[in-house]
Every structure is written in C-alpha cells, then in structure tokens.
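Mind looking over this structure? Questions follow.
Just so it is clear, A, B and C label the chains in written order, and each chain counts residues from 1 on its own.
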C-alpha cells in the first residue's frame, strides 16, 4: 500500500514538473531537463541489449536516426513535402501524420528493421557483433546521405514541427521505464541475463539464444525509434551526421558510467554525463580567476570526458551502479532478492 | 579513351588506393595479432604522422626528411597510446578494450581539432611530386605521388617481410600472434613484443597517413577515421591478424572500390561505402577468418 | 645426501575462480634427477607444471628454483633462469617452420656458436627434424611435433626441463623413440620433471615419482617402490586410499 502511495506521489511530482516547469524555469533549464529525459530514453533502450543481454551493439544510433528521419518525413505537411522532398514516392507524399502516430510508426519501423538486421547478426559472438553493428551504423549513415529523395541527402532536413515538449518526453520516458522494468525483472529478463553471463550454460538449459537476443535487440530498437522521433520533433532540423559516431560515443559513455546492468544506473549515467558536459562546456568558454585568464578551449570538454571514460574502463568498468538498482528500498527487485523470494 | 585504356587507368588507381589500404591494414593486423585488440586509434596515428610532416615542411624541412620524421612521430604516438591507454586494460574483457580503443580515438580527434582546428589544411607537396606522367597519348595519367606510394609500400613491405622472418623479434611477433602462452614459454618477453608491434604498426600508419594526405592534398584532424574503417574491412576480408591477409585484403578492397566507382551504374556508385560495409558484415557472418584463414573464431 | 634441491615446490595452491585445482602440492627435484608426476586426468599435474613456468599464479605457497623464489616472476624471466617446458598439446608455432621454432626456442640465449652446436645436437637426437627443417610445424605428424616440442625446449639449454605428456597423441613406435631420446638426455645429466599418463614408461625413466589425485600428493617414492605398489593404480582409478 505504501508503495502505491509513494509511486503516486512521485508520478504527480513528475507530472507537475513536466507541465509546470516551462513557466517556472528559464528556457535553458527546461532544455537541459528535456535533453536529459530524452537521453535517458536512448540510454535505457541501449541498455536492454548492451547491458542486460550482453550484445554490445554499436549500431543503436542507426535506429535512432532511422526513427528520426521516418517520423520527420511523416510529420511534414503535404505542402512541405512538395517543396522539400519533391521526389518523394507517391504513396508517401499525400498525407501528414500527427505527432503520436508518427512516433509509433517510427518505433514500429525500427523494431522491424532490428528484427531483419538482427536475425543474422545476433548469432555473432561478443566482439564480432559489436563490429557488425558498427557496420550497420555506417550503412544507415550512407543510406541517409544518398537516399536524397527521402532524406534530402547530406543537406539539412528541416521543417519538422517542434512538437516535443517536457510532458511528451517525460511521458514516453515513463513508458520506457515501465516496460523495461517489467521486462528486465521478469522470467524473460532472467533469460536475457543468462544469455549475457554464460552463453553455453544458457543454451544447455534450453534457452533460445537467438530469440532472446533478437527480442531484446528489437525492443531496444523500438524505443530508439521512438526516441529518435522525439528528438526529431525537438530539433526541427538535422542531418545524417547528427546520428553518427559522436552521438554513439555520448550514449555509450552515459551507459557505461552509470552501469550497464542497471536501469537506474542508466538514468544516473545520463544525469552525470549531461551535467558534467554542461559544466565542462561553460569552462570551455574561458574564464578569469584573479589575474589569470584561461582562454577558450573548444573541444576540451570532450577530451576530458574521453579521459574520464578511460579511467572508468581501467578502474571501474562496471560503472557507478554495476548491476544494482537504486530503489530506496521500496522495490526489492534485484536479482539476488528474486532468488531469495524463490521466484527463480 | 578506349575501353582498354580506361581499364588500365582504373588499375593504376586501384593499385594506388590498395597500397594505402594495405599499409594501414597491416598495422591493424599486427596489433590485433599480438594483442587481440582492434586499435581504432590507428587512424589517429595516421593523422599524427601526416600533421608532423606538414608542420615540418612548413618550417622548411625538405620532403623526405619530413616524411621520415612523420613516421617516427607516428611510431612514438603509437608507443605512448599503448603505454598509457592499453597496457592497464590488457587483461580486461574484449568489450572493455574495444570501448577504450574508441575512447582513445575520440580523445585524439578532439585534441587534434583543439590544436589544429577542424578545417582542412593544404598538404604542401613539393612540385616535383606533383609532376604527372602520361602514357598512351594522354589516355593514362599518374603522378609521381602514385609512384612514390607504390614504391614506398613495396619497400616497407619487403622490410617488414625481412623483419618477421629473419629477426628474433619479428619471429617472436608471429609466434605471439599464434599462441601467446607458448611464446611466453620459449622465453619471449610479452611487453617488449607488444611495444615492438605497436611501434612497427604505427610507423606503417604514419607512412600511410603522409601518403594519404599527399594524395588527397589536405590534412585535417578527422582524416584518419575513414581510412581506418576501410582498412579494418580490408583486414577482415584478408584475415584479421595476418599480415599477408592485410595485404591481400587491402588490394582487394582498393580494387573493389575503384571498380564500383568506375564501372557500376551511377545509381549504385554513391552507395559504395554501404556495399563495403555490407561486405564486412557478410564476412563476419560467413567467413570470419577472412579469405586466407577459413577456420577461425567462434560464433554464438 | 643433503644437497638442496634444484626445484622446490612448497605447499602450492592454485585456484581457477571457485575451483581449487591445487590444494597444497609439495615436491622437489634434485640436480640430475628425473622425477615423474603421475595421476589421472584432472589431478593437477599440468596445472603444477604451468604454475612452475609462471603461466598460472599460485594463490598460496611458493616455488623455489636454485634457492630463489620464482612464484611471482613473469614466464620469460623464469625461462631465462633455466626452466623450459615442452607443454601439454605441444603448443608449437604451426605457421612457422621447424627451423624457426627451434630458433625461437633459443631466443633467450646469446651464444651463437653454442646455439648452432645445440641445433646440430637436436638433429642428431631427432633426425626426422633435420629432414623437416624447412617445413611448417603445423604439417608435421603427432610424433614429429612432439620431438620438435622437446627439441624446442632443449634449445633453451635449460637447467630443468619440464615435460607435459610427451606420449599423448603419438604412435607407439615413436613413443619408444622419444623415451629413448629422453633416456639419453638423462644419461647426459639433464634434470627433468615429467608429467606422464603412461605410468610404466614414466617409472622406467624416472628415479622418483609423486602421485597426484584431485590436487594433492597422495603417494611418493622411488620408481622401483611405486612400480610394484598397488596403491598407484588405485589412485588413478579414484578408489579410496
């Protein structure tokens, strides 16, 4: 009963923040909050395959980009389509979808794409699947740049209605968290972790490796596509290079810092890296202490983040949370407690 | 220009491109052979070599000494990278090492952007090297840079061949690639082998970097990224970890790319890179040992 | 005779994760001796040799070679100190030639003339290797590979030679030849620690032997004593002893 009340309060609080923030806080802070929530969706979806199933995909951003572009194309008004994408095939250029349907279609598309791509790729072992998914990312990038009838090629894709607001992102974040929480701490979730921890033992007890990995990969891709759509409707304009290695490194850093096997870890990682980036970026612009002036060093923040990443790899590769969850004692849902409760 | 002349020109282009890919792929394979690590920072080592040479030419050094210094600079950079970033994680799981490798390249590229700004700079090629030769009444052109690329590639490959068959260190590197534990059992010093591998690989990358920049005419901090990825595909095609594989893969990839651009219909040509990386995935799925090593590596 | 042993293993314990492979092995090998390590599969014989060579680190206990503790030294240094191993499964460099394998065997030495002389000695001891000299080691037969592995280890001019299962995967006729070569080496004064499943061959060659079972020494004695001791067979079969 206490649990229900606490959750209710938390939800109400978050809803309050979501709807009230824009009028109470400066644009800058609202933006930060939005980006953190959006990145949380990205990293959570990434953690499903990379953290919990042991498939370290480097191609996740390919799904994000595909989702962003598809949703963007669908959302343009018919007039915009005529002027910006004159060669768009007939079956696509006569309608325009509102925000939610466009997002759902994007998610469904990327999920299906993941199943197609994952069917061969999920058979590969650790190192090879990372490299192969990286190849996927590159291929998506090439396709986005060259299918200019659909994407305007390397030029900026603009005109996407700026529908993304704090309530939308918080809403989707809640959905993502809920779905993933239920998934990860369920019998299927245990299968995922078995596949991650000991593939031989897992198949020995009859777990279908391919199906487990593929499912995690596809569900992760669904939320990546959804997040991509949200991102597209936040940026309004973007180009293929937005969804390439820089974003990949950013998401991986957040995932790893927070702890790959933990949902709350993903959130913590996002918050830490985002705050750290902002902090470093303001330092980057140069400042004065007393009589000493430190000049602007653009790019230095990335270098510092890179070093921090390496230090984590050396000293604490499991990240801040490792595989534990931050539950304030209200939800005893770690794997160990599941065993104790006799659920395994 | 007749069909034959066109083909011949493309062959020359393919050999030139293939040489560059081979040079980079050899370095990647050497490091992977000894450490079982994919060194994504290899591309940035190329960049260090190229920038060193450009800067030295800028202060008046003639081309050849600047080239040599570029190679040395790249070798030193490789040595530092191994020492600082890779040695502490030598026994870490594969994914950790892959991520560290990506982080190193991220740092180096941003550092390059910080110091040199991301806009391209001209590569100050000595006029002599830009001289071109014409054959068959102008139907076929190649410049001295193409000749230099091929010549240096051959010389360095021959040198490498001598090194890995005649010297104990070179033999040791091959032995360690095959069976690290057995290499230790005959008394080889692992740390020393790793350093040698990195220095040799980075020297090759440095040479490739200078030649690449010379052919492209520009240097910029991100220049190593694409060649690195392509060289990686080349190495996988030939057989990752094997020097011969890197050679074969490099030239095959060079030929393939030129073929796609020169002979395929215009609708397909822009998708060249997509084709290359689809080939990568195909090899990973069906022939992970590459063309030269059919039985390698485990899957699921 | 109270001379200190060349090799002194004291209460060696090794674990792989949660598995205790060695639970406290103590043994010694004196200069000029041939000592055999017997026991069934999984008894810990290979793990012992691996640990002596530095490929595995003990969780407790120590290894002394010529009075010096070597348990924490890197393998390459242990080889330099004078311990060479012909490992289980031979572990040759299949993509290198016979000659190159031998050359690597001597890579810790700098005396070129002596190395050349030793190479000759190897070819006299194992004539087939001279024939196969330019061939890739991976193309040799099982017996030829075993001879090469032995020769490679000997090229280090070791003070102590560790042998792990030299008869495994080798045709019986060649096994005889190999053990004849080992006997000749013993006659020349080479100190050896031999792990061997073939009890009879091992005890015929060795002066003394230890019998291992699931990570502990359960029997030791001179080969004469052990050849006629029923308990040795029992240790192999796992009966209570």
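Keep this in mind: contacts are C-beta pairs under 8 Å (C-beta built on N, C-alpha and C of every residue); 3 or more make two chains touch, one makes a residue touch a chain.
Predicted, not measured: the structure shown is a model, and the values here were computed from it.
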| item | value |
| --- | --- |
| Arrangement of touching chains [line / ring / star / complete / other] | line |
| Chain with minimal offset from the mean of all protein Cα atoms | B |
| Of B-C and A-B, whichever chain pair has more C-beta contact pairs | A-B |
| Inter-centroid spacing, chain C versus chain A (mean Cα positions, whole Å) | 55 |
| Interchain centroid distance [CA atoms averaged], chain B/chain C, Å | 42 |
| Interchain centroid distance [CA atoms averaged], chain A/chain B, Å | 33 |
| Interface hub residues of chain C, defined as touching at least two other chains | none |
| Contacts with 2+ other chains: residues of chain B | none |
| Footprint of chain B on chain C - complex, ascending | 53-55, 74-76, 79-80, 84-85, 87, 91-96, 100, 103-105, 107-108, 152, 156 |
| Complex contact set, residues of chain B against chain C | 165, 168, 171-172, 174-175, 178-179, 181-190 |
| Complex interface listing, chain A residues touching chain B | 56, 120-128, 130-132, 135-136, 138-139, 142-143, 145-146, 199, 209-210, 245, 249, 252, 256, 297-300, 302-303, 306-307, 309-310, 313-314, 317 |
| Residues of chain B touching chain A in the complex | 38, 85, 88-89, 92-96, 98-100, 102-104, 106-107, 110-111, 113-114, 225, 229, 232, 236, 270-271, 273-274, 277-278, 280-281, 284-285, 288, 297-300 |
